[in-house]
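First up is the structure itself, then whatever we jot down about it.
Just so it is clear, A, B, C and D label the chains in written order, and each chain counts residues from 1 on its own.
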């Protein structure tokens, strides 16, 4: 196991201790529980509060996007495990600034059920809570079952859009509408070239044979749509972009935001090689890239692989994606 | 080979094509050679121009730090290979804004010789050139031979300090003095848990056995000071910090900047676990961390491992490290 | 009359059975999910055991059960943890304020738990989840108790229904949760949630463990 | 009198020998450096071959050689590329403006190349680099030519000196470059740069390849 850790069962807590020591000006925790992370200046009064949550092992997702212009709080689970409803409730109570709370998180059973429980409990405390589920992974279900798709890197677009909208003073309805539109316009697909190692397990929980790749594999190793010999960067990129565009047609003069996201072990150099091809493919269609994010935005520990997300922009989304943001892991000026 | 590439021999050129497509507002190239990267707005008149250069495979090092508040240009070599003197000269000519050019780069034979040749050629064109070599890796030579040490992640501190000083209008002498002081105050040491794969070779050029670690290994696989069974995060961090402090004593009330840098495959979570211990060790000594950088700042493709850099601050360095900067890979507000 | 100490004992036994099934559940989950079903079951079981040890059943069994559910969720918040918590909270709601229970109330609690799990997880019978074992078991138990059967007879009817339910979904495709993403490849595979529920019942009733598929023609 | 076509032929042969030694040099470099010495030698050799093919020697041998050096550096800019470029530029400087050369000038060129490499790389004799083969070779050649020996005799003296130089540093520790970081473990290992130079000379003179260490008592 090639890991720099102490006790596996302390992995998440020690990571969080390091995080709070590093960024005390930006984030803190509530309810005496390190897993309940909130903006240091929370509650921000008269702003719709935004919360997310999910398992650890995906940095900067989820907690890395808590900060000005993005989210207000995050409930943090064990590696690849949902946090508890209790923890979500504590975050919700602490960040509520009087204009309601919006939950934005990935469509995973455990997370959904816990957030639903938290919602019921928050409502008993007279906090209005809404939910927008991220379901951007086109590889996880066919279009007719799109509602069961997983949430992956596209959630960062959702955080960005919601954060900007809330920061501008919008109501809960308006923020919910903007992020819903953003997600309707967002598709992601990934490729894994290998597995990752859960600290508590010490060995990979799934396998991608050497020289093979798994197109569409999920960020916890959920099976993809195609296993086969490792293709070239151009072939992989083309297949991903085509799959996305078959699900969400793009037309001449459309504007998009693009994210080429590394899953953990894939060098930045390779992400730029992929981006080069994305740019070429979209240019061929007359689609222009208004803004691009290339780097590690949503990872799976040390998984080798990458994902590509495309968000179609209208005027509102374009203005929102351009707003500044400042979190421990995401700074846009 | 778990790599998302096309032809290995196109690796660097395609990476650069992606880069120029992604960041046209920030960077461009000169002399019709993609390997000669400069700020889009270069030459910046009446500012000391800062150049670096070195082999590819270390993103964001080197080229990622070209931008406002950091560097003006970078000559880019093949993977782990120096760029040519010619390319360095072209960058130098393009960025020179009338106040001289400072070369800041790592102490590797090929780079030094090529930069020296470039210096001779630049002087023939009446451009004043100075050089500051980065030699921050304490593990690469004992104190009595400190002059032969390698340059590793500490160079990012040098770029930051030099960039801020130049941006504030300092002279070539003043910038050279500031960055020289910064480097005298900077030490780095790393640990590798495995190798990386050169695209052209397709397999690791060196080995770290599974379950082993190599303390002090260089970013191209240069041997370290100790091979042994993989220790815990706390043990590794303690050994690195102690080695650094033996070479550069820190006293109560000293202020430092700290960088915990991932070499490629090590998850961000693990870097925070290390940072937690750095903070604890320095706090025990009464040393305070003024600013910290945790993430991937200087990598070796997909090498698993990390390095810790410490820069001792005085008032000038503290003010300079806090200045804003904005490059494709480094944004500080 | 059933007392809190009886229920506590049953819950202890149930928790022990989850811990005993850890590896089996992990293995089944690895084939069609993320391989952690046994791990989270064990965590939850330990959570509830700690709760039971520290909190003897009090005079309000409903509240005590709801709190047991929250303890399970805190210890193992993932899918099964949320479902178990909901089940215990809904079962508790059925008997809120009571210190002693009639047999029939056990049947009602089981059915309430099943409905709670279906509402929480949005899985219907036939989606290939724990619901496919739990819901027929609850119905069988309630019917038997309404029929005047003893608690033990009713429980055995419940077990038989649970085993049949588990086996009835082996050949179909999972429609929900992680297994849904595995898609058609789940056909012919046993759902870990159904095994968990059947195994728990078998252990509580001191019955031999049955093989998944054993009730099929 | 030596003409440009003669020099071009020698350089071609030298380049071919670098290509032939690729794997051997990589292997030696892997033991005490980064294992790319053969790769960069091959790249540089191909660069210079292309240059020679496209640029027949002209009447200014000095400038033509300097440009050959730049071609080598562009094709393989790392350590050895910078050293080779410097060597060719310094050798060229010796004969700037000339179209034909005397024998003695070959000796002077080799010594100028050696001094150039030492200035560029800041390595002295004894630091365990190519200098340890090149510098004694240059001295031996120059002495023989000054003594009136034929070019061939002088070149053979140079080769012997180069072989001895290569072998004399096997047991010592590398003091410069990547090998310096390997430290004491370089003791007993052969420096790839010395092998490169000796092998090149052997190939040019059509001599059998010698084993590193073969001149040692």
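Convention: contacts are C-beta pairs under 8 Å (C-beta built on N, C-alpha and C of every residue); 3 or more make two chains touch, one makes a residue touch a chain.
Please read all numbers here as calculations on a predicted model, not as lab measurements.
Centroids built from CA atoms put subunit C at 56 Å from subunit B.
Our note on geometry: subunit C versus subunit D, Cα centroid distance of 79 Å, whole angstroms.
With each centre defined as the average position of its C-alpha atoms, the distance from subunit A to subunit C rounds to 32 Å.
Counting partner chains per residue, subunit C shows two or more touched chains at no residue at all.
Not a single residue in subunit B touches at least two other chains. If the chains shown are joined wherever they touch, the resulting network is a simple chain of contacts running from one end to the other without closing. By the contact rule set out at the top, the touching chain pairs are A-B, A-C, B-D. Against subunit C, the residues of subunit A that register as touching in their complex are 77, 80-87, 108-110, 113-114, 116-117, 140-141, 145, 148, 150, 205-206, 218, 220-223.
Residue ranges on subunit A touching subunit B, taken from their complex, read 1-6, 11-12, 14-19, 21-22, 56-57, 59-60, 191, 193-194, 210-211, 230, 232-234, 236, 264-276, 279, 292, 294-296, 299, 301-302, 304-306, 326, 329, 331-333. Per the touch definition, subunit D reaches subunit B in the complex via residues 30, 34-36, 39-40, 70, 73-74, 76-83, 85-86, 120-121, 176-178, 180-183, 185.
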